[in-house]
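Have a look at this one before I ask anything.
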Amino acid sequence: MAVEQKGWDRNQMAARAAEELEDGMYVNLGIGIPTLVANYVGDKDITLQSENGMLGMGPFPYEGEEDADLINAGKQTITELNRTSYFDSATSFAMIRGGKIAAAILGAMEVAENGDLANWMIPKKLVKGMGGAMDLVAGVGRVVVVMDHTNKAGESKVLKACTLPLTGKGVVDRIITNLGVLDVVPGGLKIVQLADGISEDELRASTEATIVN
Amino acid sequence: MKKVYANATEALDGLLKDGMLIAAGGFGLSGIPELLIAAIRDSGVKDLTVASNNAGVDDFGLGLLLQTRQVKKMISSYVGENAEFMRQYLSGELELEFNPQGTLAERMRAGGAGIPGFYTKTGVGTVIAEGKPVMEFDGQEYILERGIVADLSIVKAWKADDTGNLIFRKTARNFNPPAAMCGKVCVAEVEEIVPRGSIDPDHIHLPGIYVHRIIQGPHEKRIEQRTTRKREEA
Amino acid sequence: MKKVYANATEALDGLLKDGMLIAAGGFGLSGIPELLIAAIRDSGVKDLTVASNNAGVDDFGLGLLLQTRQVKKMISSYVGENAEFMRQYLSGELELEFNPQGTLAERMRAGGAGIPGFYTKTGVGTVIAEGKPVMEFDGQEYILERGIVADLSIVKAWKADDTGNLIFRKTARNFNPPAAMCGKVCVAEVEEIVPRGSIDPDHIHLPGIYVHRIIQGPHEKRIEQRTTRKREEA
Amino acid sequence: MAVEQKGWDRNQMAARAAEELEDGMYVNLGIGIPTLVANYVGDKDITLQSENGMLGMGPFPYEGEEDADLINAGKQTITELNRTSYFDSATSFAMIRGGKIAAAILGAMEVAENGDLANWMIPKKLVKGMGGAMDLVAGVGRVVVVMDHTNKAGESKVLKACTLPLTGKGVVDRIITNLGVLDVVPGGLKIVQLADGISEDELRASTEATIVN
């Protein structure tokens, strides 16, 4: 059984991340907890991009209505909406690299106080590839990371410097973990919010990175 | 100028050569040129370098060419779905050049568009930047990426007319247009060849100038991850 | 997020500033944002730099902004249709930066695609190459061209839905997609705003992400050179 | 009245240029005599590109059927064919720059023996711009120039070196004039064909460029 996580659970983290989104935004959601964010946007007018060539990603299809020609970047069958448009991969990453996507909400293995992000490889383990992650963090307007604050061994994933190969250098704007919300600011991280039932001391104790406030 | 061929083997006749660079369309198993891949396997051509976002799965898509050891090197962004790939890569039998997905797509488009190099922020400060020229624009660092020109492009579309004008369907478009653009020769497989004039010229996704040979055939169109919701959730 | 505005003046409200860079779609008088150009003239904004393939004619299109001396500089490939332009240019009142047509189109696309520079053979060994960095690829010389990022893009499409998805008609597409891509803000004028879902998502030429404000209006759509053949020739 | 031109007339030059085209080619024709080439392709399967965003250019429309949304690069109203496709200007020049257009047939003010071409500006005269000419000569597979061999003063336009600002450096493959056909080869130009009624001496006398055969 998984150890009970302190603070927010996965859905609460996703709900908190959804607060980052504003009406009219075009947004890219990564795999894992970020995918859950779509459940919490409420009546905000958010358009989801799937980087394999789609704006206006809809929910999973009803059973029996799966279409091999309609998948998301996680290769899952999905559906279209009445605002949907399709395009090729070069056009898709043109809009990502060109800063047209307002925000990406992504998972991470490590984040550093200078905004460095590592989420694509662990040396000597299986290397699957970065997919579109490097393009996303380099190109989108705002990068929000959603992840557990510590690893299974209880060690902080919010570091002074990343130890894993980087996905992007100085790219992260905000970190949302089970313990709270931190912003990347000059000199380190700034605590923006504490998760329910988490004290500032607990957050500090679980954070290796410099906290400036 | 006849572009329509009877089958994948005939369409590839004279185009395959050991050691060549092939650009392939598709994302995961969606929109992959499955008939052409099978024909390339049957041809026995070897030492291939293949530029493709993914490497298929063990028994479908480009995975077929890995089973037979016809691929020397892959240029891809994500290969996580293929155990045989991993085995060959970790044992040193297969070379692998990782490209960020958008960089790979843009490299293909650039190669097809006569652009030998372009600057991008993607990968700056990561292993991807190692050995690549850097230039500063407006105070920010960018790395130089090269256009890819392939000896052969293999793509999958939904429909074609006999002049090679192509239309794609939904997210099966993906890497197919940039892959087609970057090939010195491009062979396309489609689900249906339709009469000239039956596609509105404003709806054509890829003009026939990019497509040299066409085949029509039955496609398995395998689904990699069948995710659904129940009707009562509606 | 409401993108539809009542008219061109309202759609431009808050977006215009003296000295700004505007990218405009259109080729000759075909597919030009005529309503937005007229509203920019009426606004009185001045010292504009305008990136547009052509400069309209004396009394239509961008020519209107030249008449009123609101343009400081044009970035264009061909300006032969405009006598007032020539007068101002030859008298030194107007700056002109000639770009080869394909270089201009690619500079706009690049700017919109986060590519600050790309290499091209176009113009090597000509005045266009003067002062531009040169790089050799595979034994051939190429020059570096910069991406264009405009403060504002103005484009004309055939139809839009209210989320800004655009479709164009025939050769009126031309520079409109690349111009739209390169703008920090893009305003589109269309002949018809249609309900969401009434355009097949596979037929959309420019996704709504590129379009921030939309107006619908009557278009003159002037023809520059009316060439015909007689029916008896058929 | 124009002085009677020696050798081929405009239509004969266009007809000769049409012989350059092979079945299946995608071709761009410039303004002037090159436009006439379309009349002489016979039953060859040629697709004409118009660089403002069209492949498969048809003839002028019937009177009353002109469409402001359907013009060629010379801004003339035209029609579409059953093979036609439309695309934007960036895509159009992607195919030109990328070498997908097999041939361009263009007019010229001057051509030099090294393949240099000048056809876009005369200093101190009105400068209209290069339009797509520089892209075409840099990008297409084969550049064929069609022009009068001499100017109105009887001076050769086929030169050792261009005097006007260049459109492209070393880009011309073949020159078709009223006096004959010449190829750009190492060391100079090679006479390929004489126009009807033109002697080799006449051609040589009207040519400033080095002739190697």
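A, B, C and D are the chain letters, set down in written order, and residue numbers restart from 1 in every chain.
By definition in this document, a contact is a pair of C-beta atoms (placed from the backbone, for glycine too) under 8 Å apart; a residue touches a chain by one contact, two chains touch by 3 or more.
To keep track of the chains, here are their UniProt names: B, C = Succinyl-CoA--3-ketoacid-CoA transferase.
Not measured: the values here are computed from a predicted model.
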Seminar exercise, completed: Any chain touching chain A and chain C at once appears in the list B
Exercise. Which is the least count of steps on a path of touching chains running from chain A to chain D?
Worked result: 2
Exercise. Could you state the distance in Å from the CA-based centre of chain B to that of chain D?
Worked result: 36
Exercise. Centre to centre, by mean C-alpha position, how many angstrom separate chain B and chain C?
Worked result: 32
Exercise. When the C-alpha atoms of chain A and chain B are each averaged to a single point, how far apart are the two points in Å?
Worked result: 28
Problem set entry | Shared interface positions of chain D, touching two or more other chains | 80, 86-87, 93-94, 96-97, 138-139
Problem set entry | Where chain C touches two or more other chains at once, by residue number | 106, 109, 113-115, 120-121, 168-170, 173, 201-202, 205
Exercise. Each pair of chains that touch: what are they?
Worked result: A-B, A-C, B-C, B-D, C-D
Problem set entry | Touching residues on chain B, where the partner in the complex is chain A | 27-31, 53, 76-81, 86, 98, 100-103, 105-106, 108-109, 120-128, 158, 168-178, 205, 221-231, 234
Problem set entry | Residue ranges of chain C touching chain A (in the complex, touch as defined) | 1, 109, 111-115, 161, 163, 165, 181, 196-197, 201-202, 204, 207-210
Seminar exercise, completed: Contacts from chain A onto chain B in the complex sit at residues 50-54, 59-72, 74-78, 80, 86-90, 92-94, 96-97, 116, 126-135, 138-139, 165-170
Problem set entry | Footprint of chain C on chain B - complex, ascending | 106, 110, 113-121, 135, 137-138, 140, 142, 146, 167-170, 173, 201-203, 205
Problem set entry | Residues of chain D touching chain B in the complex | 23-24, 26, 45, 47, 49, 55-56, 80, 82-87, 93-101, 138-139
